[in-house]
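Chains: A, B, C and D, in written order; residue numbering restarts at 1 for each.
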Amino acid sequence: MKHLGNRVEELKIAYIGGGSRGWAWGLMSDLAHCPDMSGTVALYDIDFEAAKNNEIIGNKYNEAEGCVGFWDYQAVETIEAALTGADFVVISILPGTFDEMESDVHWPEKYGIYQSVGDTTGPGGIIRAMRTLPMYEVIGKKIGECCPDAWVISYTNPMTLCVKTLYRVFPEIKAFGCCHEVFGTQKFLAKIVEEKLGIENVERGDIKVNPVSVNHYTWLTEANYKGIDLFPIYRDYCLSHPDGHKGGTVDNNWMNNHFASEELVKMQLFLQFNVIAAAGDRHLAEFCPGNWFLKDPERVKEMHFNLTPVFWRKEDLKNRLERAKRLASGAEQVVISETGEEGTRQMRAILGLGDLITNVNMPNVGQAPDLPFGAVVETNAVFRAGSVRPVAAGELPASIAPMVKRVCAVQELTSEGIAERDLKKIFSAFVNDPLVTCSYRDAEKMFKEMCENTKKYLGMYDLLVL
Amino acid sequence: MKHLGNRVEELKIAYIGGGSRGWAWGLMSDLAHCPDMSGTVALYDIDFEAAKNNEIIGNKYNEAEGCVGFWDYQAVETIEAALTGADFVVISILPGTFDEMESDVHWPEKYGIYQSVGDTTGPGGIIRAMRTLPMYEVIGKKIGECCPDAWVISYTNPMTLCVKTLYRVFPEIKAFGCCHEVFGTQKFLAKIVEEKLGIENVERGDIKVNPVSVNHYTWLTEANYKGIDLFPIYRDYCLSHPDGHKGGTVDNNWMNNHFASEELVKMQLFLQFNVIAAAGDRHLAEFCPGNWFLKDPERVKEMHFNLTPVFWRKEDLKNRLERAKRLASGAEQVVISETGEEGTRQMRAILGLGDLITNVNMPNVGQAPDLPFGAVVETNAVFRAGSVRPVAAGELPASIAPMVKRVCAVQELTSEGIAERDLKKIFSAFVNDPLVTCSYRDAEKMFKEMCENTKKYLGMYDLLVL
Amino acid sequence: MKHLGNRVEELKIAYIGGGSRGWAWGLMSDLAHCPDMSGTVALYDIDFEAAKNNEIIGNKYNEAEGCVGFWDYQAVETIEAALTGADFVVISILPGTFDEMESDVHWPEKYGIYQSVGDTTGPGGIIRAMRTLPMYEVIGKKIGECCPDAWVISYTNPMTLCVKTLYRVFPEIKAFGCCHEVFGTQKFLAKIVEEKLGIENVERGDIKVNPVSVNHYTWLTEANYKGIDLFPIYRDYCLSHPDGHKGGTVDNNWMNNHFASEELVKMQLFLQFNVIAAAGDRHLAEFCPGNWFLKDPERVKEMHFNLTPVFWRKEDLKNRLERAKRLASGAEQVVISETGEEGTRQMRAILGLGDLITNVNMPNVGQAPDLPFGAVVETNAVFRAGSVRPVAAGELPASIAPMVKRVCAVQELTSEGIAERDLKKIFSAFVNDPLVTCSYRDAEKMFKEMCENTKKYLGMYDLLVL
Amino acid sequence: MKHLGNRVEELKIAYIGGGSRGWAWGLMSDLAHCPDMSGTVALYDIDFEAAKNNEIIGNKYNEAEGCVGFWDYQAVETIEAALTGADFVVISILPGTFDEMESDVHWPEKYGIYQSVGDTTGPGGIIRAMRTLPMYEVIGKKIGECCPDAWVISYTNPMTLCVKTLYRVFPEIKAFGCCHEVFGTQKFLAKIVEEKLGIENVERGDIKVNPVSVNHYTWLTEANYKGIDLFPIYRDYCLSHPDGHKGGTVDNNWMNNHFASEELVKMQLFLQFNVIAAAGDRHLAEFCPGNWFLKDPERVKEMHFNLTPVFWRKEDLKNRLERAKRLASGAEQVVISETGEEGTRQMRAILGLGDLITNVNMPNVGQAPDLPFGAVVETNAVFRAGSVRPVAAGELPASIAPMVKRVCAVQELTSEGIAERDLKKIFSAFVNDPLVTCSYRDAEKMFKEMCENTKKYLGMYDLLVL
């Protein structure tokens, strides 16, 4: 790394995973868009060919229109080759395949349990954690060996438990987890400000929020626009929009799109608990007691959000694979456009090229004083030269404490159970998950079956004891 | 009070409530049985006649066979008269009548929610708290005015929230909540020791336990008999008794008795969570997610415990009222026998007549370091001259942390909501209660109806907002 | 207040104190320099004439060259008139006169105790707190009555205890204490970066630091310049400059200037404790055990800093009073120049006109997890629209924990003692202060005499008990 | 171990150290006096002959008059032989010789620093810790290997740091540190009760106290005799005895005896801080700022306590060695008498032969919530079958918090420095010790010299860096 005061050259970024694309191309585009950093991106994926393909695509960005940040993409065959000498490590892996995810998401439906995402919490999130965390143990240890001083940005779900695992296996690591869900709520609040206050072009960045809790179940205890407290305005809006927010274009219409919603879940949560839930409704619903929003598909429809089926993901993957081919062959041109993700802005801030305040997931050192120290929590953090420090978010409002403390404790127990390969402990977490509304005995059966379904990736557990 | 070194005379005990009997007579019997204390018991009840009746009965104990502790019972017409000059205050009130309790316990059944007790937690416990805590506010304040140095023993349910309320309105109070549920589990363990180790006459007091958590959902993280760790022995027992403990006599058979059980709930909890749940199964089941043990009456039967219907309580009350008449008239003789309750032993210890270690409910000052400081928790405490100090129970085992933290946070929120007369906050607690397994909308409806049903005692809330 | 998106008009600032000048004029200059805020400044001082004079001077700034921020200055006769309607309150009072300060600073010299400042800690700081905090109680309560939503910036020493007092009497207050001492250390580090790395014009703002501890005894656990860890560089510098930093001009030469130093104290502290002490040496020395740097005037000379005598302050005050006359009469022109203080930048950030990260003094809500919650601590904070949130600084390094915890506990005890007007408690703090190196009996004598010397301002204490 | 319900046979106790006698014989006597335990005591000392001698003496107790507890004493040549199979481990070692202690205690006098004991805190205590803790590391690890389930009783000074070390190297250890200093204060209070209340034969055990803080600097926040609060009585006593307590016999007269005192230190501390200091004055004085009670020998005389010179210890050792010979040869008879130490009562309680509440030193798990978790603190604990649990002592009174937090932080830093063999950190603790009242530079010189003086036992540190 060569720091020239107002720009940095010869950086090395190690990208772990990303063979399944979306994320990697976004980062490529953002890097190309950023004028004050350049260097090498080492691409490592267990599917080497996918990495190789990304190498070709990545290098095309250097010639795309508007490129101001130039990077040398290199697929490498070992994780050690990727990590050695890295200044930053980006981790974004798909643990297992969508076949495993199909079991994670849809198998519980046999027991009347519906999951709108199924990768973070609920039965699906816990089983996914069982196969992901052992992979993260390996990555964390390798970072400790190959590039202990690197900054590590983790995007993989379940976010909280992945970040926790990195710190567990290598406590000195400088890692944080990133997620854009809060941004979406900021944008929603920006629209409300525009509508309610008659102001044009309100920017997300001007909606100042104080997030606290755990990833995908984040809550804002403050929201302010230029000195204006947004809580009463948001309350008005919620009360006057009992049918939800109709702001989307056709593509975003929740009836056609598995990611869209009309924000009814978060509005109802606000009206009851007086704190702004700040993630997509699909995520929020999964952390609430199962009967609130995910009782059955009718209730989901009633709340104007969607269950994202895995067959859609499989389709989507096919499309992306084909697009990958087109991009690599030149049949389709790479295009530089900002993704709205903050990975590159975070890197810049850490390099001293501009302070940044944004939400991240890090071990609790006091930022959430009534959650366990050491648990990974989501709050704002200050990114500055050589430093990422959480902002002290203060205590949880009493109204949401039961929900958040419960979820956080389930996550801590899941983490401990997986660390110890102790299926009893993992099931103790599973059966206490808010979505596991079936009977105790059914929960046992379901857990066993879901492990069985994905056993290809669970070789480190003694499944016979189940 | 006159301390003669090894006995104390001229003590004054204020007994608040107890008109509905059982508890008061038990204390009378225990006091009569205790040779080193004597003095006055002032009886105050909102039903003065009931208090008057108890005065007559109480004074009969002085002439009963075997009486060694002599007390002057006096019904008084005001709470101030009872409290002024008191060394000890015993509180055991029935908040409202069994008609209110009928709504608490049985109304939720319309929504598929079954409660085995309904006075501590669940929908019933929360509504009961709404009418009880305002009464406790009055009592706590009066104690602060009339006898700020008195020791206060509270027996009323919901125990945790009642004790919390006393400290909220008068922070310098010396109060604790007492409950015999842990004793039952100690006795159960004693029987297991007898059976498994072939030892005869194992005493409850020799089963040394380390309780932690909240009342009626207490867990033992250690259990030991003369140096022998009871965990492996208990595990063996649980594994070999899948149909429960068959130790009861006819009277205790769970099929005929609304308080009995065959301990299947606590055994299953132990096998899963590896910590000994230490309350009656009827209580334990209510703190667990509703679908585990209280899904429906069939599940209850399957788990060999019972729902205690309020009609039984009404019957039982009638019997007790008739017995009261008989005792007062002399048609039935009062009989002195130890109840197994520890109230008098606690008083003796506080007076310096013999140390005592037993479980109590007190505000957390470090004894349960991962529960909120100030929350009322149940652990052991050391009773000695002029002092009751909790024993540091250590952190909750991770396996039960999700359950206990959730419940404790719900209680804290209930307490705050009632203190502020804020129905929104109270309902935020209600809808997060583990037993509230119905839909969100049904929960709202149920809450409203249960308030309506008991509104005679809820005048301090603005029910119109519901 | 009228918010126009990128500027704010009709603000009201209440300025409490400031009659003794320096600070008030600086704020006037900074306000005139700031283009996006305007409104009224209400000036309240117990010396109404001084306030009136400041009104004249303040209004002259509106016509000074380069003025872009226009403000209407109005002296008011009551604190209520100043506070009512205020958006911001600035407090900068002189508690008592320099005669009292003369006793604070110099009386202890009779007992061999030398103080370089004497307004924050040590015997002088504690006696000063005794007369200041009762004034702050009044101010805090008035804020609660007149402008409970205003943001309050406190500059008075002892900073920590003044801010603590505001929160004690009005817990909902939005107050913080500001101090420029950390800035000085950032500038010192900037110079070192220039010297050691051969970089020109390094700006203070590019030295990113993580401060933690209490005001005037602040320590930096991280210091970074554009990704470069400054700890090894600082160590090199300290090792190679055993005679101190010779960067000052004549005016800043420590031999001629009562505020200057050659940074030897902080360099020696760094070499021993491996954390960067970040306040002027005069302040740092006062928090260390008395024999380290303040044993006697020779030791002070040896460490190349100065004791600031109160006669100098008296002289300086005279000069300022004369200057005040000249400025008011127009004999001297007011000149607009940035002071480097951050008061106006903080206001702008709170109004949503630009985020700011800087160090402040606020009650501990987790930002310093091993200091008592509720104690006022100094860390970074994030200033944004409607919000000031401390940055979680993490645990104190073990090497400085004994010093900082001791000092913080002495402050907490001083605060409690003054709140309760309990001279015994105040003396318990006094005799534990690191500077009180005399015998116990001498400490008692000194405390009594210092109270006696300043009794004009200590009418709220029962000094007869001494 | 064979548990027969009300007695235990075939116990194995490993005694590590004790060659220098006093302690070992006391335990022998107590064991002989205790009717319900028997078994083997394995004696290990680095001086095998001393152990062998103790074997002979120990076995004589079996034939002494009044022996009811029979034990087979066996000197062993390796620590592994002692530990393997042990149920209890008693550790009481002398780290180094009295020559090292001579430097610890008396060398600082060159710098005007007087130490009344010099084995716990102050310059002497820290240097002693430097040579003791590495020995404890070995012992702790060996226990982890040879008898991980054994209960470990540690008597060696510096107590706090020795116990901390055991937990550091083997976190699962079941260890606690024991000290009789609190007993002495209980006896003193008992005498005061006799005198002030005219009661005869008040027993130490009836003085119920709530100790908190660290060993040898323990404070009682409650003291009660049969319901009577002793604080006002103690205050009266202190006020009316400005010349100290004249209760001793000739032997206990402080002028003739290096361990006696007239309690003036603790009485003065009480009158100022309103908490009862509960250790011998010689210990208490060492934890207070050096100028309070140890300024010079005159001040010590004035306060009616004594500095214990090491030449006295050397003399005393000679006497004990000679006595050892006499006891082994039979020239002197062993005599069974209770020592008042609680080691055997603790063992009995852990074996389930009778509950015990007494003060011990254990890692903080909440019993002292405002001291760092994990620091070793002294509070009461409950000893019962298979369990030793600290009593939650509650927060430190504000008046003593500065003193106790400072001392505790110095100990934590000493522990960390020694664990890391980091002389810089150790000196950071050293220079912050309350007794180190000399100049910074003298402290450096003294530290270096004291290390040099005892370097024979400091081979694990790189002393050349000093």
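The definition used in the following text is that a contact is a pair of C-beta atoms (placed from the backbone, for glycine too) under 8 Å apart; a residue touches a chain by one contact, two chains touch by 3 or more.
Since we're looking at a predicted model, the values are computed, not measured.
Other chains, considered apart from subunit B, form one piece (clusters defined by touching). Among the remaining chains, A is positioned farthest from subunit D, on the basis of C-alpha centroids.
Centre-to-centre, using mean CA coordinates, subunit B is 54 Å away from subunit C. A straight line joining the Cα centres of subunit B and subunit D is 42 Å long.
In subunit D, no residue touches at least two other chains.
Because contacts link each chain to exactly two others and close back on themselves, their graph is best described as a ring. Listed by label, the pairs of touching chains are A-B, A-C, B-D, C-D.
By the touch rule above, subunit D contacts subunit B in their complex via residues 1, 3, 5, 8, 199, 206, 208, 210, 222, 224-229, 350-353, 355, 357, 365-369, 373, 380, 382, 384-387, 389-395.
Per the touch definition, subunit D reaches subunit C in the complex via residues 268, 272-274, 289, 291-293, 295, 299, 370, 372, 398-403, 405-406, 409-410, 412-413, 416, 424-425, 427-429, 431-432, 436-440.
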